[in-house]
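Both complexes below contain chain A, partnered by chain B and then by chain C.
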Partner chain A sequence: MLSDARLIAAKDLRIEASSRVLLTQVLPFGLMVLLLFGFGISPDRQVLGEVPRRSVLEQVSPGLFWITVLFAALLGLGRSFSIEAADGNLDGLRLGGLDPAGIFLGKAAAVIVQLAVLEVIVGVGAILLFGVSLANVGLLAVTIVGATVAIGCAGTLYATLAAGQRVRETLVPLLVLPVLAPVLLGATQATEAALFGPVSDGWPWAGLLGAFALLYIAIGIVAFGSFLEES
Partner chain B sequence: MTRVTTTQSEDAKSAKSKAPRDAFGTASKLTRVFGVAAFVLTSALLVFALVISPPEVIQGESVRLFYIHVPSAIVSLYLAFSITLVGSIIYLRKKSIFWDLMAGAAAEIGVIFCAITLITGMLWGRPTWGVYWKWDPRLTSTAVSFLLYVGYLAVRKLELPPHVRRQRAAILGIISFANLIIVRYSVQWWRSLHQGTTLDPVDTQLDGSMLFSFFLGMLAMIAIGAWLLVHRFRVAWMEERKAEQSLAAAIVERQSEGRS
Partner chain C sequence: MSEASKSARPDGSNRPAVQLRSAVALLGSFPALAGVDLDVHHNDVALLQGPNGAGKTTLLRLCAGLIGPSSGTAMVLGQDVGSANGRRRVRRSVGLMGHSTALYDDLTVEQNVQFWAAASKAESETVVPALDRTGLAGRLQTVKVSALSAGQRRRTALAVLLCRRPSLWLLDEPHAGLDKDGRELVNGLVLEAKDAGATILIASHDLDWATSVATRRIDVVGGRVVEGTVVEDAVVKGTVVKDADA
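== the complex of A and B ==
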């Protein structure tokens, strides 16, 4: 299972390395969304009564960051399955004797790696544009790992449901976003706690992210095979 | 070749002779019972909820929304989506089309009652909280659950071979229920961190006639839900049979083409 997963993940990452679709299209999209948030929420507005004084943008930056990641992840997931759309590729993978659980873990792992790179760059963008100062890097790192694995696994599972369908582009966001609502909630709360304190509020949310990620790894391993069956 | 054709047309004939009683409507004895019950209970509910039961001490007249709001929430989130869960599990075990269609019909009814819950909740929130939407855990998690099941229904409409679609819908029917619980608890946790308990309309003290109106509302919503469910299920069942029959007819047609 794991060697199959490695194979699939390496394949997807090699495709990305040569096509650079995420790097040249999804990443700029993410940065553009950050700028749009600046336009939508005036950067000059201050939060009243807060000490130290923060701009509204800085105050809501954890949520904005994770919403940006979520939207970019939808594009990344779309890409992850559009490279399999041609010539019944998914059936081909199955016929090649690969373990379905391995295919799932591989696809998810590739999405997770690409998403992690995107998060680092968008995160730096958010720090620079929204004037956020980093704090509690440990909690932040755990949050990012938990949320990214959760998004990657749940996203891959749901994107498979609509893979190869004409309505894929419109259906995947409808399926994935409600499912990932708790992830957005947990990631935002944990990030807020890490940046603005108290840190102790953040760890339970990071735990929720971890539990969600594990749950979806398990569901994916069990259920992915029957999603692929005779599709 | 000829033999096959006769068998096919005999099948079609016997299907036709059986057809008239149930082919022109979705009514049955069961739906009549539920329909009459729904009508009687709803009429009684109108009288009790609007006339006989008193206005509430704090909330006044708006408390009357309670008699629709809470029952429709229970029918949707607890009954309908549970039927979808159970139907999905049985489908995966036995591959019975009956339970697949039942799961789908229940999800549709659930989504409708969920929408009623949200709308009545917002209408109730306006006089009680002063705003239509409060980020109340129940309201918020119900809204997300509503969208979860709208997504489930969209998957049921995918253009896939029937058995593939049923399989995917069944798995999704199970995971969606798990998601409903996760969403519910995470939202509750989120709100409990940030605010003290708001005035919770559901915890209102109920006196005798209010309690009776609530039970009446519960029964009325269950009767309406069951009535709709059986009708919806039978529509789906007939669609299924139509698809089968038109396939059989197409085969007969192709075969006669080949002979001539």
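== the complex of A and C ==
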């Protein structure tokens, strides 16, 4: 299973290195969404009653960051499965005799690596645009790892279902967004606690993200074969 | 029926490589196969011929274990493709070259062949000879598949098939998009595979080329097999140029 996963992940990352879709399309999209949030919410407006005083933009920056990541992830997930849907590659994977759990782990791993790159760059963009100061890096790191793995695994699982459909471009967001709503909630709450405190409020959310990540990994390993057959 | 088409498996059993009984396969609610009875014996080279939409491609996909019969029985290489487990098992032993070539546009020819060889657990040493045999070694092997012509893509798909060394070759319009050399290559590979003991099903409209290697002709019309013809001396009188060093 793990050798199959390595094979698939290496293939997907090699395709990304060759096509540079993440660098030339997904990343600019993420940064543009971030910028538009900045235009839409005035940085001069202050949150009433907050001490120390924070702008509304800074206050909502955790949510904006994760929404941006989620939107960009949809593009990445769509890309991850459009390369399989093209030219009968899904049939090739079915015929190859690879362990479906290995295919799932490999595709999810490639998505997670690409999401991690995206999050670093979008995170730097958020710090610069929204004036956010980093704090409680430990909680932030756990949150980012948990949320990224959960998004990568759940997204991979549901994007597979849409891969064989003619309307997959519109179907992927419809399937994936509701499933990832709890991840968005948990990641936003944990990030908010890490940045603005109290930190103790963030750990239960980070724990929830870890549980989601493990749950989606387990579901993927067990169910991906059926999903691949149905796609 | 010719002796070749009756040949038994190496393990001594006489069960055909493909045995379909009243097999029905649905595409949505449309019966693409409407009750097919068919035996294809080990080491046969069977040509499926029939008009567009007759069910040839669906028949090949059924034999590949990509779809199961909705009714009737389908045994392929001793596996019941009516069950999910049977389909999974049979896939490891078949090689399908369909209308799509199952190649990644952003990988080079060599990377594609290496990936699919590794995916099917083929020895990595099979890659270079396969590229050589299909005329892709050298300049073309480092070219991205997106830059290839349709004929070169099919050659790449053939190289993948060579690495897999399947027991059952399923070729859907294998001569399409190929020049004369490419068609000779396909026929040469089919004959080599037959010599190595494989069973081959070819769906083709290119009858001149396909007939020259076929030992049987099977007519498919309206989702049914309506006629089968044995071509006793097809391979002997074939015009195929077998050139192992090509």
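Just so it is clear, the second predicted complex is superposed on the first by the 229 of 231 C-alpha atoms of A that agree within 3 Å, B and C clash if a C-alpha of one lies under 4 Å from a C-alpha of the other, contacts with A are read in each partner's own complex, and residues count from 1 in each chain.
As a convention for this text, a contact is a pair of C-beta atoms (placed from the backbone, for glycine too) under 8 Å apart; a residue touches a chain by one contact, two chains touch by 3 or more.
From a predicted model like this one, the values you see are computed outputs, not experimental measurements.
Undergrad: Could you tell me if A:Ser18 is touching chain B, chain C, both of them or neither one (first, second, both, neither)?
TA: Second partner only, chain C.
Undergrad: Counting only touches as set out at the top, which of chain B and chain C does A:Leu171 meet: first, second, both, neither?
TA: Only chain B; A:Leu171 stays clear of chain C.
Undergrad: Taking the superposition as given, does A:Ala162 touch the first partner, chain B, the second, chain C, both, or neither?
TA: first
Undergrad: In the superposed arrangement, does A:Val179 touch chain B (first), chain C (second), both or neither?
TA: Once the two structures are laid over each other on A, A:Val179 reaches chain B alone.
Undergrad: Please work out whether A:Gly92 is in contact with chain B alone, chain C alone, both, or neither, and reply first, second, both or neither.
TA: A:Gly92: touches chain C, not chain B.
Undergrad: If we overlay the two complexes on their shared chain A, which of chain B and chain C does A:Ile219 touch? Say first, second, both or neither.
TA: After superposing on A, A:Ile219 lies in contact with chain B but is clear of chain C.
Undergrad: After the superposition on A, what does A:Pro28 contact: first (chain B), second (chain C), both or neither?
TA: Neither partner.
Undergrad: Share the list of chain A residues that count as touching for chain B in one structure and for chain C in the other.
TA: 229
Undergrad: In the complex of these two chains, what residues of chain B are touching chain A?
TA: Going by the criterion above, the answer is residues 144-145, 147-148, 150-151, 154-155, 158-161, 163-164, 167-168, 171-172, 175, 178-179, 182-183, 186-187, 189-190, 193.
Undergrad: Along chain C, where are the residues that touch chain A in the complex?
TA: The touching residues are 64-66, 84, 88, 91-92, 94-96, 98-107, 111, 115-116, 118-121, 144.
Undergrad: Spell out the part of chain A that touches chain C in their complex, as residue ranges.
TA: 4, 7, 11, 14-15, 18-19, 83, 86-89, 91-98, 229
Undergrad: In the complex formed with chain B, which residues of chain A make contact?
TA: Its residues touching chain B are 157, 161-162, 165-167, 171, 174-175, 177-179, 181-182, 185-186, 189, 201, 208, 212, 215, 219, 223, 226-227, 229-231.
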